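Some structures to go through are shown next.
Shared chain: chain A. Partners: chain B in the first complex, chain C in the second.
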Partner chain A sequence: MLSFLIRRLNLLFITALILTIIAFIIEKNVVVNNTIIDTSSNNYLLQYFSYLINIITGEFGYSALDNQPLLARGLMFFASTIELCLLGLVFSSLVAIPLGVLGGLFRDTKLDYVIMTIALSGLSLPVFWVGVMVLLLPGVWGDLLPVDGNLSLVYEVPSVTGFLLIDTLFVTDQYGLFAFFDRLAHLLLPALVLSFFLTTEIIRLTRHSMTMVMRSNYIKAAYAKGFSRRKIVFAHALQNALPPIIPQLRLQLSTILSFAMTIEIVFNLDGMGDWLLSSLNAGDYGVLPVGMLIITSFILFFSILIDILMVIISPIMRGSLYANQ
Partner chain B sequence: MLINNEFNEDKIQSPLQYIWAIFKSKNIAVVAMWFIIVLVLASLFAPWFFPHSPLEQNADKMLLPPYWFEGGDINHILGTDDLGRDSLSRLFHGLQLTLGGALIITVCVSLLGMAIGASAALTKGIKASVLHHLLDALLTIPSLLSALILIAIFGPSYINCLIAISLSLLPQFIRGSFLAIEQELSKQYIVALQLDGATKLRLFRFGIMPNILEPTITIINRLFTLAVIEIATLGFLGFGAQLPQTELGSLIASSVDLIYLSPWLVTFPGITIFLVIMMANVFAEGLRHAVIEGEE
Partner chain C sequence: MSFNPQISHDIASLDATTHQLFSRLVKLNPDTNKFIPDLAESWQQSDDKLRYRFVLRKNINFHQTDYFQPTRYLNADDVLFSFNRMIDKKHPYHTVNNQTQNYFFNHPFTAFLSEINKIDDRTVEFVLSKPDVTLLANLAAHYAVIHSQEYANQLLQRGHPEKIDFQPIGTGPFKFKSSNSKGIVRYSKHENYWQPMTNIENLIYVKNPSATKRYTKLLSGECDVIAYPAASQLETISKNKEVVLNSKSTSNVALWAFNTKQDQLKDSKVRYALSQAIDKKTILQAVYFQSAMQTNTLLSNQSWAHKARNNSDIFNPEAAKKTLVALDYDFTKVLTILLPENADVFNPNFHKTAQLIQANLADIGIQSEIVKLSGSTLQTRLSNGNYDTYLTGINVHINDPDSIFRPLLSCNSSPENGNSSRWCSYKTQVLLDQSLTESNFAQRIKNYYLIQDEIMTQRPYLPIAHVLRLDVISGRVKNVEVNSLTGINFQNTIKQDLN
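== the complex of A and B ==
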């Protein structure tokens, strides 16, 4: 276990180092009034080390627009992005995993074709276009769900964790649960739009891994023993088919975040994408390295977390604990 | 000399011909292939046979609906925009940049990615390890972010948008091809080739390449799909094609404000993107099935 952890952390360390070098290059080239690079010496190496030390101590500089600390602002906006991604993931898993399992079980039948058509159209629709079309909905339905902003302006929620869904629960003595439901309503449509793309991915992955499992020898052996199909699927196939999806989905994380940021811009949600875009348009380039470091470090930590989680829950992956390579 | 015209030998088909024969029997996939070919040709030669220039303004005919709606004009089949420019011409002009850019990205990234992936898989040691770490680092930067970075450094232009998208898609492709080749390397026929003393190049050409066709089609298809979506997304955000150029995403962005007045200005570019990706996927899926059946 220890050697496995050390190997993963080693990978994390080197990748993080490369990322800080990229951030340094951006900071050096783009940001006009950088305050966190010590430019008194002309040596790039010394400048990089001063930058690195500043980053490690959490000193990311201040916004040129409102003089707020960039790191705190960025983290607050990023929390809202993560909220959106998580809700989208929940929606799409609810729809996609059953569909994917069905598609894998009844491969090459009419049901499978219907499911794959759904999956394909989810992939083909560009998310920003679906977002724009959804903006038309209030004209059709009336004001059923809000399509603009993070939270209604009547609620004043102090930022404690940055996750608005949790923060609104802290002010229940003031507003009751209304603030929470208002936040949920604001998040619902963007999350649905995001889940279009995610559903496709999860259906494909689930279907593929389900097909592979159903072809394997131990399923044939279970059939030969005379178990019913229902029992085989629920007792044997599912628990072997579902875990391999998670690391596959992890590789898509950066694409998912990229789509989530686009959706934020379309729906005018206060998130990472909106923050980056509006700051860049206003000429505050200092947000770029900070935003990059926040997003990439999130993805890095998340990947390693998933690696460790996979070793814990999946017996097949546990082999990598003992392998020397 | 014996000339035997009566009893012709059966010609043995090459594997590619065999796959092609199977592919031709799949009707939907063939339709999708022709659809894409016609679309590419039409958008290439659009300036020659469309009656209206995409930039020609007409103050008398602004915001016309498609001709099958009340008040439409048969001269403008899909209507006109807020400056009286013909929607259909603009659509094909936009398709030039979106589809053409996506095809260029697909060709460049798949050639480059396959070369890097193969050299990483076939060599060992420091080179492969350095590549792995660099790839891991690049994989964690979302495409939108890398596009923003490149555009902040070099300024927004269509070429920079294409470069940014290629840079963000390249690591994914390298990872895909690397995994496919790695799996192939452990097979016994590869070991047999190696024992014969085949060079790496020969090993790749005759041992690996014919056997990784199917995963390659899948990742190239994915590459194309994401390239189309991302070119349109960057265009929508205003980082792609700059103004005299039109591109499907920027077409949507320019008419978002008019969405209540004339919703079809937003609808048609979106449907076009949808159709392009859908048909490309159907075509690739048909090809993939043909390859699988051909191998069996």
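== the complex of A and C ==
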């Protein structure tokens, strides 16, 4: 286990180092008044080390617009993006896992074709376009759900964790649950748009994984023993079909994040995408390296975390504990 | 964006500051067009018309906030501070937030105000360099707001004078609470306001560049008032019974200026013929929808000096072509149409307007070229005079004809400051200067009539449209006052059904 962890962390370390080099190049060439590179010497290596030391100590510089520390701002906005992604993930899992399982169980039947048609149409609709279409909904159906902004302006909720759903629950007591539900209402449509893409992805993964499991020998053996189909599916197939989806989904993480960032811009939600775009528009290029580092290190950490998690929960994956020799 | 109407003159900033955070010495009664007291209780004019004495109201409180606690009421020092910042070049606050480059920062007052004296704590005296009847109009304008000297001194001691424009302190009905980089500005009620107040505890402004989203927010009840609805949605909005579409005519006018120093535009008959060639009706329909009114005069019909007789449509391309042929106009030369790159309040789409003008000119056989510039390149081009015509407009802040005629027609006004026709005529200049010192109202009106007649025949400008100020107000909200010159006022606003 220890050597496995070391191998993973080694990978993390090297990748992170490459990322900081890229961030350094951006910082050096794009950001006009950067304060975190020591330019007293002309040696690029020394400059890079001064930069590295600064970012390791959490010193990412300050915004040229409002003089706020960039790292704290960036993390706050990133939390909003994650909030949107998580809600989108919940929505799509609720719909997609049952559909995927059904598709896998009844492969090549009419039901399967219907499910796959839904999945395919979800995949072929660009998220940005769906977002813009949803913006027009109030004109068609009346004002069911808000399509713009984070939270109704009457609620004044300070950002403590960055996750507004949590902040509305715990930071401001005076609004009761109203602010929380208002936040939820503001997130519903964007999360629904994001879940469009995710649903497609999860249906396909679940269906494939389910098919593979149902074809395996131990399921055949279970049938031969005369177990009922329900018992086979719920007791044996499902728990083996679902875990392989998670590492597959991990590969989609950066796609999900970039879609979430696009959706933020369409729906005018606070978040990484909106922050980066508005800062760049205002000429605050210092956000570029910071935003890149936050997003990439999140994806990196998360991938490795999933790796470790998979090893813990899935016996098949445990093989990777031992290096191939 | 600053919260000081002395330095931020765009409509959005004014709406958010001038009536909400601040008060002025006098104000204009919108119904009678007379000046009425605001912070000044009364005023007197000296016999030589050079001195105005203002007596200030007693017990006026400044805002009490977490960044400033006033220890005294408003007095003459505050008035002196507010105006000296603009006119006194040695004032410690004169250069704060780099306003010296801003033409409008001190312009209206430096032109005629020589000094301001404190007579006693409650009396101030404005001394003019020459008699000028527009003083009161200027004091009622949005930029004549009164700041707190005590606050300014505290900031100076703390070494942060720049905060005066971003964490404002005033005497208005609302006080500043917070603002953020996303353009959300929060005000709360000023408890010690000297006039009766509304039931509004919090006033929130939010910036949203999409007109469709603004309207959606109004419909869903997330906001109560929206400014500038999309011109194309006006018809739908006016049919909705839950909202009120408030339209106010303004004096802001869209213009097409002829460079009168350019050889082939020197003849006033040519300029008149070109004016005849332009189909303003189509421009109005294609660019403004219902958000402006076609016009043929510089002054809007709400101005007291407006000469109504002149306002008729002169569109007649055949006559225009005939005149030009008779005048031996050189049709081979390409006419330049200069225009700013970004939309302004007086023109939502300069480029489309220019294209329509181009088509009209082509109809009478004149080739033209559209030149789109912005920022300093535009300024340079204007000041060196290398253009035939310029598509522009003027934003009017006070209800005095001088504020529109002087920038456009005075010999002392540069093209960057408004005189893009490079018009300079002895007759106009004399009339302009005489009217400023004329205290006989009838004679003043007569002078402005003469100027308008002169402009009608000389045609340095083709006025295209007077722009409307449009706001959509939710039915839940009553008594929103919209002043087309200085912005929106929520002082008496009542929101029903607060839950």
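Convention: the second predicted complex is superposed on the first by the 319 of 325 C-alpha atoms of A that agree within 3 Å, B and C clash if a C-alpha of one lies under 4 Å from a C-alpha of the other, contacts with A are read in each partner's own complex, and residues count from 1 in each chain.
One rule holds for everything that comes next: a contact is a pair of C-beta atoms (placed from the backbone, for glycine too) under 8 Å apart; a residue touches a chain by one contact, two chains touch by 3 or more.
Quick caveat, the model's predicted, so the values are computed rather than measured.
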{"item": "Overlay on chain A: chain C relative to chain B, clash or fit", "value": "fit"}
{"item": "Chain B versus chain C as contact partner of A:L46, first or second or both or neither", "value": "neither"}
{"item": "Contacts of A:D148 with chain B and chain C, given as first, second, both or neither", "value": "second"}
{"item": "Touching partner for A:V95 - first (chain B), second (chain C), both, neither", "value": "neither"}
{"item": "Contact breadth on chain A, by residue count: chain C or chain B", "value": "B"}
{"item": "Superposed arrangement, angle subtended at the Cα centre of chain A by chain B and chain C, nearest 10 degrees", "value": "90"}
{"item": "Touched partner set for A:L71, first chain B, second chain C, both or neither", "value": "neither"}
{"item": "Which superposed partner A:L300 touches (first chain B, second chain C, both, neither)", "value": "first"}
{"item": "Which superposed partner A:L5 touches (first chain B, second chain C, both, neither)", "value": "neither"}
{"item": "Partner chain in contact with A:L135 - chain B first, chain C second, else both or neither", "value": "both"}
{"item": "Chain C versus chain B - closest C-alpha approach in the superposed model, Å", "value": "7"}
{"item": "Footprint overlap on chain A, where chain B in one structure and chain C in the other make contact", "value": "135, 139"}
{"item": "Chain A residues within the chain C interface of the complex", "value": "65-66, 135, 138-139, 143, 146-149, 152-154, 156, 268, 270, 278"}
{"item": "Chain A-touching residues of chain B, taken from the complex the two chains share", "value": "133-134, 136-137, 139-145, 148-149, 152-153, 168, 172, 175, 225-226, 229-230, 232-233, 236-237, 249, 252, 256, 259-260, 263, 266-267, 269-270, 273-275, 277-278, 281-282"}
{"item": "Parts of chain C lying in touch with chain A, wherever the complex brings them together", "value": "181-182, 184, 186, 202, 204, 206, 208, 210, 212-213, 216-217, 219-223"}
{"item": "Parts of chain A lying in touch with chain B, wherever the complex brings them together", "value": "11, 14-15, 18-19, 22, 26, 29-30, 120-121, 123-129, 132-133, 135-136, 139, 251, 254-255, 257-258, 261-262, 265, 273, 276-277, 280, 285, 288, 291-292, 295-296, 299-300, 303"}
